[in-house]
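By written order: A, B, C, D, E and F. Residues from 1 in each chain.
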Amino acid sequence: MLKKLADLQAGNDFEFPVLLKQVDVRTARNSKKFLAIVFADDTAELPGKFWDASAQDIKDFVAGKVVLLTGKCELYNGSLQIKIITMKIAEANTYSLNQFIKHAPLSQKQMQEQINELIFQITQPKWNRIVRFLFKKYQQKFFEYPAAKSNHHDYVGGLAYHTLSIANLAQKVCQQYPQVDQSLLLAGTLLHDLGKTIELSGPLNTQYTLEGNLLGHIVIMDGEIVAACQQINIDSNDEEVVLLRHMIIAHHGLNEYGSPKRPQLLEAEILHALDELDATITMITKAEKRVAPGEFTERIFGLDNRRFFVPNALASNNDDIKN
Amino acid sequence: MLKKLADLQAGNDFEFPVLLKQVDVRTARNSKKFLAIVFADDTAELPGKFWDASAQDIKDFVAGKVVLLTGKCELYNGSLQIKIITMKIAEANTYSLNQFIKHAPLSQKQMQEQINELIFQITQPKWNRIVRFLFKKYQQKFFEYPAAKSNHHDYVGGLAYHTLSIANLAQKVCQQYPQVDQSLLLAGTLLHDLGKTIELSGPLNTQYTLEGNLLGHIVIMDGEIVAACQQINIDSNDEEVVLLRHMIIAHHGLNEYGSPKRPQLLEAEILHALDELDATITMITKAEKRVAPGEFTERIFGLDNRRFFVPNALASNNDDIKN
Amino acid sequence: MLKKLADLQAGNDFEFPVLLKQVDVRTARNSKKFLAIVFADDTAELPGKFWDASAQDIKDFVAGKVVLLTGKCELYNGSLQIKIITMKIAEANTYSLNQFIKHAPLSQKQMQEQINELIFQITQPKWNRIVRFLFKKYQQKFFEYPAAKSNHHDYVGGLAYHTLSIANLAQKVCQQYPQVDQSLLLAGTLLHDLGKTIELSGPLNTQYTLEGNLLGHIVIMDGEIVAACQQINIDSNDEEVVLLRHMIIAHHGLNEYGSPKRPQLLEAEILHALDELDATITMITKAEKRVAPGEFTERIFGLDNRRFFVPNALASNNDDIKN
Amino acid sequence: MLKKLADLQAGNDFEFPVLLKQVDVRTARNSKKFLAIVFADDTAELPGKFWDASAQDIKDFVAGKVVLLTGKCELYNGSLQIKIITMKIAEANTYSLNQFIKHAPLSQKQMQEQINELIFQITQPKWNRIVRFLFKKYQQKFFEYPAAKSNHHDYVGGLAYHTLSIANLAQKVCQQYPQVDQSLLLAGTLLHDLGKTIELSGPLNTQYTLEGNLLGHIVIMDGEIVAACQQINIDSNDEEVVLLRHMIIAHHGLNEYGSPKRPQLLEAEILHALDELDATITMITKAEKRVAPGEFTERIFGLDNRRFFVPNALASNNDDIKN
Amino acid sequence: MLKKLADLQAGNDFEFPVLLKQVDVRTARNSKKFLAIVFADDTAELPGKFWDASAQDIKDFVAGKVVLLTGKCELYNGSLQIKIITMKIAEANTYSLNQFIKHAPLSQKQMQEQINELIFQITQPKWNRIVRFLFKKYQQKFFEYPAAKSNHHDYVGGLAYHTLSIANLAQKVCQQYPQVDQSLLLAGTLLHDLGKTIELSGPLNTQYTLEGNLLGHIVIMDGEIVAACQQINIDSNDEEVVLLRHMIIAHHGLNEYGSPKRPQLLEAEILHALDELDATITMITKAEKRVAPGEFTERIFGLDNRRFFVPNALASNNDDIKN
Amino acid sequence: MLKKLADLQAGNDFEFPVLLKQVDVRTARNSKKFLAIVFADDTAELPGKFWDASAQDIKDFVAGKVVLLTGKCELYNGSLQIKIITMKIAEANTYSLNQFIKHAPLSQKQMQEQINELIFQITQPKWNRIVRFLFKKYQQKFFEYPAAKSNHHDYVGGLAYHTLSIANLAQKVCQQYPQVDQSLLLAGTLLHDLGKTIELSGPLNTQYTLEGNLLGHIVIMDGEIVAACQQINIDSNDEEVVLLRHMIIAHHGLNEYGSPKRPQLLEAEILHALDELDATITMITKAEKRVAPGEFTERIFGLDNRRFFVPNALASNNDDIKN
């Protein structure tokens, strides 16, 4: 029996609950309203149109609601879509929102423990206090937000998972190159994308906020460090604070990518490289999972529109990979 | 009688007081120390070497001191330089430092009045309070600092003078284009380079500070606005504050020039254009004053190494231009 | 009662005169001809299709005609369009073409007076004679042509209005920076885009001419200056003429934008900056008028595809702005 | 016996006539004047300094004079230079200037005949008349000027020789690709660099003129075509003339290299390619003649600072190559 | 009577044999399969759709088959397309595939003779042996493959024809510039694109192979030279072989275009220039044949999206040109 | 007692054995020969000049010899140099060359063992055999050569040490991201720079060879893989071999850096990133060791001329770092 969106093929009839991930109200040629919807669960996303929407429909069917959907899966222009037969709002408490959305491979609790362990390794007192203060302030969102609107780690907990991946790599680099300051590298790693909790609107229907558009997460987080210093009585122009602020503002590596200064610290250069490495591996892996061995992926926007080849020779390696 | 550096020609003997603008201690081939000095007064700058410097000389002759200098002006490799005959520290109180350094064409008092008048025209209350708070905090340095290490407005009061020039242009643009918000444009103009009071070390022997190198005046000033908001109880994420912060961070226009975001407000685009226009006119004028009509200037680094032609036809226009 | 295109909403029936601004003859899938029309008046432009066009229809309904149109306004793919019910050519003399096309905010007479005043301020005799000669030759077109095919000042009189806006800014710059030669700057300003009267086909249905495509308005105007000099007996290699020609050929600022030489005169650099400033303000304002406060504009092609934000905070400033 | 500059090696004493190709008057550290001279004959160029120059010396020893020079050849910083022992102006009429300067491999008479033959092949009447008119006007300079200040074809007659080389290639291309219009390609070829007779000062001590700096040879020649048309009663906006003007203004291929329009005619694209090909071959050959087989040349500025390898395998091919 | 695709106009009914050049199996909205076909003969290509394709149809109608097609020519969205009425596979042996595909203007025999003549002119023994070995190995494909997937010389024999065109130009350049080594230039010319026989899948339905995508024809041919040397006992690190390998790897001219080294030999620079020149002329000519005199071509992707103008003045030149 | 070059300060007299690392024969202004020498031991390098060199001196004092040097250390233009008093060739067998040159932090034996262990982990049979074959062929040079002429790992064994550093990082990445194929990543890592044993001349007096200049180590190693396949009977166009060849040719990441193809395999992208990361960390560390805490390094050419800051705060971390 078909229970999830990922099970559907062209021609299938089905009935099961799904999430309204995105809902746009539009006007048809006949001047009536319709809803352009993205349905989602934790396995896939599919589009569909709800025609002749009444004022009540528009009020009821908003993004974030779970609906019990009866429909048919169809192929159109080479892509699957949903033909809606009936659709009604699920009773409150029947389903948890969490069942319908994609999550990080680790639980929030697991990630929380790893973060705590990492903060413990920041032995420089000022950096430790600043990181602790800001994680306390934004911790709720940190474990829920995605790391990006799309591209990579675009799921609940993606921000935390991406941060942890970089921190793991960072620890290995510190082992191999003892000249690297682990406190600084970890403090920078933990804070580098935390501003995304202000830059983005949240894990569902993710949009850029006004601060996100006009300031960006780099400037936002720098401001948050300044504000934190005022509250815990650290001078934000101390050399140690300036070093940490530089870690944040330089982490995009190039001015063209939005860093007002390019890295001028060994640790800042490494943070930039590891950030890019984790994002790159994740983007390629995500794209490769959509195609079969022996094929090229779609062009990946975030990697200069390159396509990547999934070798037949390595087919067995791609089983059971998490995101 | 020769009284100023600008009077000297190759072969002249002279005796008058000058400022030690820059002093580097170096070791000669014979392993003795010598001082590589830049002498300056308000008319010109000339280099000279003080050989066989004793430990006492090194202690006495530091940048910022005024000396009574007896010397001869010589031509070397096509440039004038000073051959030092005798040199002694001027009595304290004999000369004011101000006599020996280049100043803005307006007095500090004149500039202060104009700034006050401009702040008065910022009618939006939050912007007015933020600007007022920050000018009170940095006003001393604002009227003393240069606008740049070299290139343009590199003299005492240059920062204030450059800011006023842009503000004058801004007012004219507001008259011609009523859709421009004058409060926002003036608030952004007044604050846009104020971070240079932290980025640079001061009006003499100007160097980049650590904050200047690792953060830059754009990020510094954004942090100062955040800190100011905390102190005067304004939420730094209010739309009005976000707009003002965007004015600062976007004023270099391009990511490549250090702006983490490109202008996304009409007023931000205008501030960038006027900043560039005033700097450009000033750089060209400074270079043109060094050559005769009918000649091309030296290549101007800040203008893509272009050379500019001083027409014979316009020779009379270049008399008596200030800065 | 509905009288203008800007009044129409989806579902409205209407009958009023409009201009055929653009008419393309095409063949439908059934092999019959149809007309793809852009209707216009001085308030808006809307597209519509005239099906099954006879040979006579094709001959009658050409761009530039005014028709009495009976139709219905419909929404299609999110845009309004006209469903034509009946359409007939308006009697000659019933309507003036001028009623149906967008004009500069100033009348031709007002602009003519301002231009005369500006020419009067060009006190250098050769420049004055050349400018006077060329304005006499092209004055008719100068006051009718747009300043560009689209982007900015794309209306009747746009070329003159754009030229005057720059000239106004230029006068203010000359007041603030006395080292600028006002004669040269104004002469260059008045001529800089005059070549567009040859580069473009005219104010309606604007296209690039062959000269426009293969030579461009920069080279065209340089040739016109050479030809003018021959007719009024000035040597086109005189320094003064070379300066003026340089003003024209350098006004795009960068080789990449079609200037064969980058600016090498202070006045040429300023002309380039003011040209860009006026075009930029105009493009942003035009885009902002299409969206509500709190929204971002569409991407603006001429500004590197940037979007601009219309602040809620400044909403009251955008009332009653011209062009 | 040593008779030419190319014969000299470090340590040689010599006495023979040479040309003063370049003479700069400078002031030595001891405040006396000296002359920095470039001596030349048709085999080589070598620098030397004439110390303690009197006012009479400065007046006598100017660029363009032939002197009887007694001197010694020395090695300094890895380069040969002349130590002047005595030097006196050669009697007028003793030597012809031509003996001392480098010339094109063909005589002016040979080149004149080839040019005439090429003009004869321009069968389109307007292009033929324009080319004929302009060659009559500038023919004297055309056969004397170099094709560039340095880089390539920087000798007497270089402009004509470069033009003929391209024209030869052009004829071969027309044979192989009959779709190419030979009249247009040859007319464009003959005129494309003719503006250098105004852009440059002449074959000796070559400098850019004011027109050269502010307009450039591309714009200069376009203006000359316009002026020519006026004098021979051709409308400079005829399609044929516009095509020819486009050939000139597009021949640098890229906006970045000073063409206000990129090629939009097959013939314009070919002219650009052949111009580049001839210049490239000539630059590489010139550089390769300065090094031995098995070595790399110096970096060639005009070819993106690339170095080229002279293979041992091909050593025999490089004998007796002209220019 | 209509016999070829190029004869068809909108509304024509026809029946004649054509080639299935490309066939894609897709699923329609009604979940049935259909075939998206490109029909071709040696005069033109036209698209059409075969609806409701059975499993047998899918098996029968594959690319490379000749079918007897009854259909109607229709205009859709401004382009001609085929409405299929009946379609059946042509009897084997009824038609030769060659009748339906575009060929080089020369026969394979003619091209073979010219290639033999060229190899004869490679007088350096190692280069001669390597070229002979590789042409023997790949000669079959060399005379059948296109020179590119699309863009230029995209027909049977295009690779050989493009190679010969360059070789002809190369011989002319060697005549004009005797310093060029003809053996090296011809050996490099003959081999430069030979790797395309491995990079591409063949003359019909041309695709990139895995080697083509991951290595490219430049690296492929370098490897082939190394392998050839092993088989005919030449050391692949001999200077002569290194020169030849450099000719191949540098022929794209710029790193950005896939050459791992830029040209460092005179002959390598020339090969790059002539390769580009022949491709450019061919692309422009191909585009110009699709439009009438007085019009601009479509934008040409391979030439930076430029459009080219077909002058009225030159209309008579474009008759009877071979591709 | 002073025993090593690193001990010397300006003014010191000394006598100890050193290596002649580089010797250039030049001619002085007095026409006599002299030797420009770089002296080296395993602690430092210093320049000196040997004047009036006889033919015998030139024959004796060649690069690679150890000499017993009596001299004085002097400061000149801010840099230390050696004034040679006496210098004589050390007896053969008195000193081992190894004493005087910088080595990798690991012994050759240690590195050999690690390499063997890594090859053991390449479980794919074809890759294992190819790697084994090529390491057997080039192993001697692999453990002696530097990884670059200068920049980073420019010492004996640098190539092997750099390769091992990347391989260590690669193993960690494989642990963290199980979707990465470790065999392919390690095989590519081990071979990626092996071509430098042909591109460079050796560990002392390192120069580019002709193959290095005209082909580069990327193309060289691709050719070596092809040749190896022929010798061990593997088809070089097998998918597995194509994958490995792609790892080599794509490892510079960008066409601009000499890769004829950009990475199209996950493993190729990772190899590129880790190669860059190790080189970057090494370059920064090398530069930081030359300056004191609180200072910026010199500009690093290989990192876009950026300078890096050595924080006071982290001073204790930089003790005892290897290479």
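Note that in this section contacts are C-beta pairs under 8 Å (C-beta built on N, C-alpha and C of every residue); 3 or more make two chains touch, one makes a residue touch a chain.
Fair warning: this is a prediction, and the values are worked out from it, not measured in the lab.
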item	value
Shortest walk length in steps over touching chains, chain C through to chain F	2
Co-neighbours of chain E and chain D - touch as defined	C, F
Rotation angle superposing chain C onto its copy chain E by C-alpha atoms, nearest 5 degrees	120
Rounded Å distance, chain A centre to chain C centre (Cα mean)	45
Interface hub residues of chain B, defined as touching at least two other chains	210, 213-214, 239, 243, 264-265, 296, 309
Touching pairs among all chains present in the structure	A-B, A-C, A-E, A-F, B-C, B-D, B-F, C-D, C-E, D-E, D-F, E-F
Of all residues in chain E, those that touch chain C in their complex	10-11, 74-76, 78, 296, 309
Contact footprint of chain C on chain A as seen in their complex	26-27, 29, 31, 210, 213-214
Residues of chain C that touch chain D when the two form their complex	198, 210-211, 213-216, 218-219, 222-223, 226-227, 230, 236-237, 239, 242-243, 245-246, 249, 255-261, 264-265
Residue ranges of chain F touching chain A (in the complex, touch as defined)	124, 165, 168-169, 172-173, 176-181, 184, 239-240, 243, 262-266, 269-270, 273, 276-277, 280-281, 284-285, 288, 296, 303-304, 306-309, 311-314, 317-318, 320-321
